[in-house]
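Common to both upcoming complexes is subunit A, partnered first by subunit B, then by subunit C.
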Partner chain A sequence: MNWNEHLPALILIIPLFGAFIAPVCSLGGKTARNILLVAISFLTLIVAFMLWRHVLANGISYYVMGGDKFNLSLPSGMALPVRIILEVDAFSAFMALCGAIVSFAGALFSVNYMNRFTGMGRFVSLYCLLTAGMIGMMVTGDIFNFFIFIEISSIASFGLIAFWRDKPTAIEASFKYALISQVGSMFILIAAGALYGRYNMLNMAAIGSVLKMGSMEKLVLVFLVGSLAMKCGTFPMHMWLPDAYAEAPTGVTCLLVAVSQASLYGLMRVCFSIYGATMGSSFIPWMLIVFGLASMFFGVSMAVVQHEIKRLMGYHSVSQVGYMLLGLGVGLLVLDDARAMADYGFTAIKGGVFHIFNYTMYKALLFLTAGAIYYATGKKDLNEMGGLARRMPYTTFMFVIAAAAISGLPPFNGFVSKLLIYESSFAVHPFLAVVALVTSVLTLASFVKVFQTAFLGPEKSSLAKVQEVPAAMLIGMVVLTAAILGASLFPSWTLSTLVEPAARALVDQSGYIGAILGGGM
Partner chain B sequence: MWGKVYTGFGYWDASAWILFFFIAAFFTLWLRSQGRSDYKKGTDQDEIYWSGNEVPEDGEDITVPASSAYWGFRKALEPFYKGLLGMHTGIATDIVGYYVIAVAFLAVFILLV
Partner chain C sequence: MIGNAPFFVVGVLFLMGLLGIFMTKNLIKIAIAVSILGSSVNIFLVALGYRTGGTIPVHFLAGEGSTMVMPTPQAMTLTAIVIALATTALLLSLIMLVWRHYGTIDVDEIRRLRG
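On to the complex of A and B.
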C-alpha cells in the first residue's frame, strides 16, 4: 500500500482520533494526556509535511470518501462527482502545513501552561477537534463539507474560549463569538444550498466548471465572502476577535490564529477557484482591497491605545489580515488581465500568500510570549509590568524577533512579504501602498510600547520573584522562532519552495477543476 | 537559498543586509570599547542624571505606564478615537449588526454593478 495516496485522509483522521481518544487517555493521568496531545500534534505536522512534499512532487492529490475507490473521482457512467472529495493542491497543502506547525507549537506550550488546571481531558479533546476542523477546511473540495468543518472548528472554539468557565469575561467572549459565528455559518449554509439547488452539485471544482454569473450567484458570492471575511477578522466585522483571543487559554489563541487563516483560505478558494474569471465585475476584488485597507488602518489604530497585552495583539491580528486581503485582492483584480498579472498581480498574490505564512508564525509566537508573561507574572495589563527582560531573557529574545517581524523591520520575514505587497499595490494606486506603510509604522510604534513597558525599565517590586517559563513552553516558542528566522534568512528559498507553488495553485482554476473532472474519465 | 527576492520593481537581498548588520555591529562595539573604564564606582560619577531632578528611590515612580504612552498622538487624534472607540461597544447585538450591515451593503451593490 502506498501511504502517500492516503495522506489527505490521514491528516484528518489523526487529530480526529486524538479528539475521541483524549477522554479515555486522560484516565491514565496527566503524563499520558500530555503525551497524547503532543504526539497527535506532532503526527499531524509530520503528515502535513509529507502531504506538502507529495503535492509538490506529484501535483494535486484528491481522495474520494465513501466511494468504491479512493482515487476515482468520477466512477464510470457519472458525469459529476457525487462523493465527498478531499482535494489538496499546493495552496491547501501550504495552508495545512502552516496550521500544523502552529498546532504543534500551541500543544507543546499548553503542556505546562495548562498544567495547573482541571478538565484537561476536555481541553485536549477540543484542541484536537479544533485542529481537525481547521485542517478539514483546508483540504476539503466540497462546499457543504467545508461548512461542516467550519462548524466543527467553531464548536471546538466556543468550548476552548470559554474553557475557564469561572471567568465571566471568557463566557461573554465565547458567547459573542458563538452568536456571530452561527449567523455567519447560516449564510454559508444558505449559499451552499443555493448552489446545490442551482447546479445540483456541491463539489467546488465541479461548481467552478459550470458556474455562470447571475443574480443568485452574486448573492451567494456575497454571503460567502462576507461570512468568511468576518471569520478571519475583517473590519468592521472583527469585534468578536479581540475578546475571543484575549480570553482563550494562550495555546488555544495560538491555534485560533491558524483557524482564522483557514477562513481566509476558504475566502480565497471561493474567489479564485469557484468564481475565478467568471466573476466578471471588479466589485468584489475592490471590496477585498477596501476591507483590507480598513482592517489594516483601523485595526492598528485600536491596537496603539490598548494596554491589555493579548487584546492589543488581537487588534494587530485584524490589522495583519488587512495586508493579506490587500495582496490577494490586488491579485484577484487583475486575474483576467494577463499582462497586469505578469507585471504586478502575481507578485501581490505571492506577497499575500507569504504574509499568511509569516503572520501565522509571528502572531502565534507573539501570543505565546504574552501567555508566557501571564504564566510567569499572573498579569495581562502592561501598566503592571516592567523590567521583565532581566527575569525572562529567552521570552524577551523571542518577543523581539516576533515584534520585529510583524513590524516589517528588515531583514525579518514580515518585511519581505510586506515589500511584495507595497510594490504591487502601488502599481494599482499609490494610496494603497501609503496606507500599508502607515500601518506598518503604527505597528512598530505599538510593539515598541509593549517592549518598553513590559520588558524594559525598572523592575516592579511585585515582579521580583518572576522566573523564566518551563522548558516545554520555551520549546513551543522556539519552533515558531525557528520558522520566522528560517523565512527571514532564506527568503528566496521560502518563496520559491513554499510560497510560489501555493500562489500558482491558487490562480490555476483550470488545474483545480481538471484534477477532479478529469479523474476516471 | 541566499539569493535575491525580485519584486518586479526592485529586489531584496537578505545577505547584503546581514553583512551590513555585522559591519555596523563591529563599529558600534568598537566605539563602545573606546569609552573610559576608570570611573569611580559608588561616587557621583555613576549616579543617574535625571534632568537635574532628584532621582526617586523606587524606579517604579518614574515609569511611564502603557496607558499613558503616545498620549500626544491620542490627544491630537481625539475626534478620530472618539468615533472609533464609540464603535467598539462590545455589545453582542452591535457586533452582529455590523456584520449584517456589511453583508447587506455588499449584496445591494453587487446587484447594482
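On to the complex of A and C.
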C-alpha cells in the first residue's frame, strides 16, 4: 500500500492527536510534555514536506472521508461530491508547508520561553489544536469544513492569546479578537448556507463548476471577502491584530502569523477557485487592491510611531498583508485577459505567493527575536533598551537578517517578492507601485529605529546582567533564519520549485475542479 | 409568501445581532448579541433544508410521505450549535476575567490597549 496517498489525512490527524494526548502526556512531567510539543510539530513539518513533494510530483491529491473508498472523488457512485473531501493542490501544499515550518519554530521557541509558567499542559494542547485548525483550513476542499476549521483555530487562539490571564491587556485583546472572529465566521457560515441553498453542494470544486453570477452569488462573495479580509487583518478591520499579536505569548504570535495567512489562503481560494473568471466584474479585484494599498500605507505609518516592540511589529503585519493583497488583486484583475495575464498578471501572482512565504518566515522570526529580548530583559518598551548587541550577539544577527528581509534590501528574499509586485502593479497603474515603494522605505525606517535603539548605543546599567537566550529558543530562530537565507541565496530555485507551481495551481481553476469531478466540467 | 417568512426572521435577527454588537456598551449584552447572530444563522440553515410537507430523512420508519427534508443543513446546524456553545462559554469566561481585572464591563472604560 502506498501510504503517500494518506498524507492529506495524516497532516490533520497528527496535530489533532497531539492536542488530545497532551493532557495525558503532561502527567509525565515537563520533559515528556516538551518532547511531545516538539515531536508533534516536527512530524507535522515532515508530513507537510512530503505532501508538498507528493503534490508537485503527482498533481492534486484528494482524500475522501466517510466514503467507501478514500481515493474515489465521487463516493458511492454519486454524481456530486457529498462527503468530507480534503483537496490539496500545489498552493495548499505550499501554504501548509509554510505553516508547518512556523509551527515547528514556534514550538521549539516555546519550550524555553514558557518554562517559567504553569498550565503548560493546556498550552501544548491548544498549540497543537491551533496548528490542526490552521492546516485544516489549508487542505480542506469543502466550504463548510473551512468554517469548522476556522472556528477550531479561532477558539484555540482565544485561549492562547489570553494564556497569561493575570494580565488585563491579554484578556482585553483576546475578547476583541473573539468578537471580531465570531462575527466574521458567522458571515462565512451564512455564505456557506446560501451557496448550499443555491447549488445543493458544499464542495468548493463542485460549486466552482456550476457557479453563475447572480445577486445571491454577489452577496455571498462580499460576505466571504469581507469576513476573510477581516480575519487576515486588512486596514479598516485591523484593530484586533496588533493587540492580539502583542499580548499573546511569543511562540503563539509566531503561529498566529501563519493562521492569518490561512485566512488569506481562504480568500484566495474563494476568489480564484470558486469564482475565478466567472466573477465578471473588476469590482472585487479593485477592492482587494484598494484594501491592500490602505493596509500597506496606514499600517506602516501607525507602526513608525510605536515604541512597544511587538505592537510595532504587529502594525507591520498589517502593512505586509497589504503587499499580498496588492499582488494577488492585480492577478485577479487580469484573470480572464490572457495577454495581460502573461504580460504582468502571472508575475503579480508569483510575487504575491512568494511574499506569503517570505512574510511568514521573516515576520515569525521578528516576533521570535522580540520575544527573546523580552525573555532576556523583561522589557517591552524600546525606550528602556539599548546596547543589547553586545549581550545577545546571535539574536542581534538574526534580527538584522529578518529586518533586512522585511525592508526589502537587495540580497534578501523580501526584495525579490517586492520587486515582482512593483513591476506588475506598475503595469496597472504607477500609483500602486509608488505606494508600495513608499511603504517599503517607511518599513526600513522603522526597523532602523528598532535596531538603533534596542541593539546599538550605550549599554544601560539596568541591562548589565542580560544573557543570550537558551539554546532551544536560538534553534527555533535558526530554523526560520535558514528558511530566509535559503530563499535569499537561491532565488531562482525557490521561484521555480516553490512559488511557481503554487501560483500556477492558484490560477488553474479548471484543474482544481477537474481533480474532483474527473475533468467533466 | 408565507414560505419566505423564516428568511425575513433570519434577516431581522441577523441585523439585530449586528446592531447589538456595535451599539451596546455592556459586554454581557454584546455576548448575547453574538448568540443571537449565531441563532439567526442556524435558523437560516434549518429553513433552507425544509421541504413543504417533508418527513424525516430516514429511509425506514419514515411514515407515508414521499418528500423528505434535507439532512445536510441539519447536520451543519448541529455542528454550528456545538461551536457556538464553545465560543459563548469562552466569551463569558473572558468577560468574567475582564470584570475581575477592571471592575467594570462597560466597553468605554476598558481601554488599556490603544495607539
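We take it that the second predicted complex is superposed on the first by the 515 of 521 C-alpha atoms of A that agree within 3 Å, B and C clash if a C-alpha of one lies under 4 Å from a C-alpha of the other, contacts with A are read in each partner's own complex, and residues count from 1 in each chain.
By definition in this document, a residue touches a chain if its C-beta (ideal position, glycine included) is under 8 Å from a C-beta of that chain, and two chains touch if they have at least 3 such contacts.
Just so you know, these numbers come straight off a predicted model, no measurement behind them.
Asker: After the subunit A overlay, clash or fit between subunit B and subunit C?
Answerer: Subunit B/subunit C on subunit A - fit side by side.
Asker: Under the superposition described above, what is the C-alpha centre angle at subunit A formed with subunit B and subunit C, rounded in steps of 10 degrees?
Answerer: 120
Asker: Of the two partner chains, subunit B (first) and subunit C (second), which one does A:Phe397 touch, if any: first, second, both, or neither?
Answerer: neither
Asker: According to the stated criteria, A:Phe17 is in contact with first (subunit B), second (subunit C), both, or neither; which is it?
Answerer: So A:Phe17 meets neither subunit B nor subunit C here.
Asker: On subunit A, which partner's contacts cover more residues, subunit B's or subunit C's?
Answerer: B
Asker: For A:Ile171, decide between first (touching subunit B), second (touching subunit C), both and neither.
Answerer: A:Ile171: touches subunit C, not subunit B.
Asker: Would you sort A:Ile148 into first (subunit B), second (subunit C), both or neither based on which partner it touches?
Answerer: In the superposition, A:Ile148 touches subunit C alone.
Asker: Quick check for you: in the superposed arrangement, does A:Gly159 touch first (subunit B), second (subunit C), both or neither?
Answerer: Once the two structures are laid over each other on A, A:Gly159 reaches subunit C alone.
Asker: Applying the document's definition of touch, where does A:Phe490 land relative to subunit B and subunit C: first, second, both, or neither?
Answerer: Only subunit B is touched by A:Phe490; subunit C is not.
Asker: Which holds for A:Leu179: it touches subunit B only (first), subunit C only (second), both, or neither?
Answerer: It touches subunit B and subunit C both.
Asker: Is A:Val225 in contact with subunit B, with subunit C, with both, or with neither (first, second, both, neither)?
Answerer: first
Asker: Thinking of the overlay built on chain A, is A:Tyr374 touched by subunit B (first), by subunit C (second), by both, or by neither?
Answerer: It touches nothing on subunit B or subunit C.
Asker: With the two complexes overlaid on chain A, what is the closest approach of subunit B to subunit C, counting only CA atoms, in Å?
Answerer: For subunit B and subunit C in the superposition, the minimum C-alpha gap reads 5 Å.
Asker: Residue overlap on subunit A between the subunit B contact set and the subunit C contact set?
Answerer: 175-176, 179, 183, 243, 305
Asker: Please output the residues of subunit B touching subunit A within their complex, sorted ascending.
Answerer: Touch residues, subunit B against subunit A: 1-5, 7-10, 12, 14, 17-18, 21, 58-60, 62-67, 69-70, 73-74, 80-81, 84-85, 87-88, 90, 92, 94-96, 98-100, 102-103, 106-107, 109-111, 113.
Asker: Once bound in the complex, which stretches of subunit C touch subunit A?
Answerer: Residue list for subunit C touching subunit A: 14, 17-18, 21, 27, 30, 34, 37-38, 41, 44-45, 48, 70, 72-73, 76, 79-80, 83, 86-87, 90-91, 94-95, 97-98, 101-102, 110, 112-113, 115.
Asker: With touch defined as at the start, can you tell me which subunit A residues reach subunit B in the complex?
Answerer: Listed in rising order, the residues are 175-176, 179-180, 183-184, 187, 215, 218-219, 221-223, 225-227, 229-230, 236-237, 239-240, 243, 281, 283-284, 287, 298, 301-302, 304-305, 307, 343-344, 347, 381-383, 385-387, 410-411, 415-416, 419-420, 423-424, 426-427, 445, 449-450, 452-453, 457-461, 488-493, 495.
Asker: For subunit A, which residues are in contact with subunit C within the complex?
Answerer: Where subunit A meets subunit C, its residues are 82, 144, 147-148, 151, 154-155, 158-159, 162, 165, 168-169, 171-176, 178-179, 182-183, 186, 189-190, 192-193, 196-197, 200, 202, 243, 246-247, 305-306.
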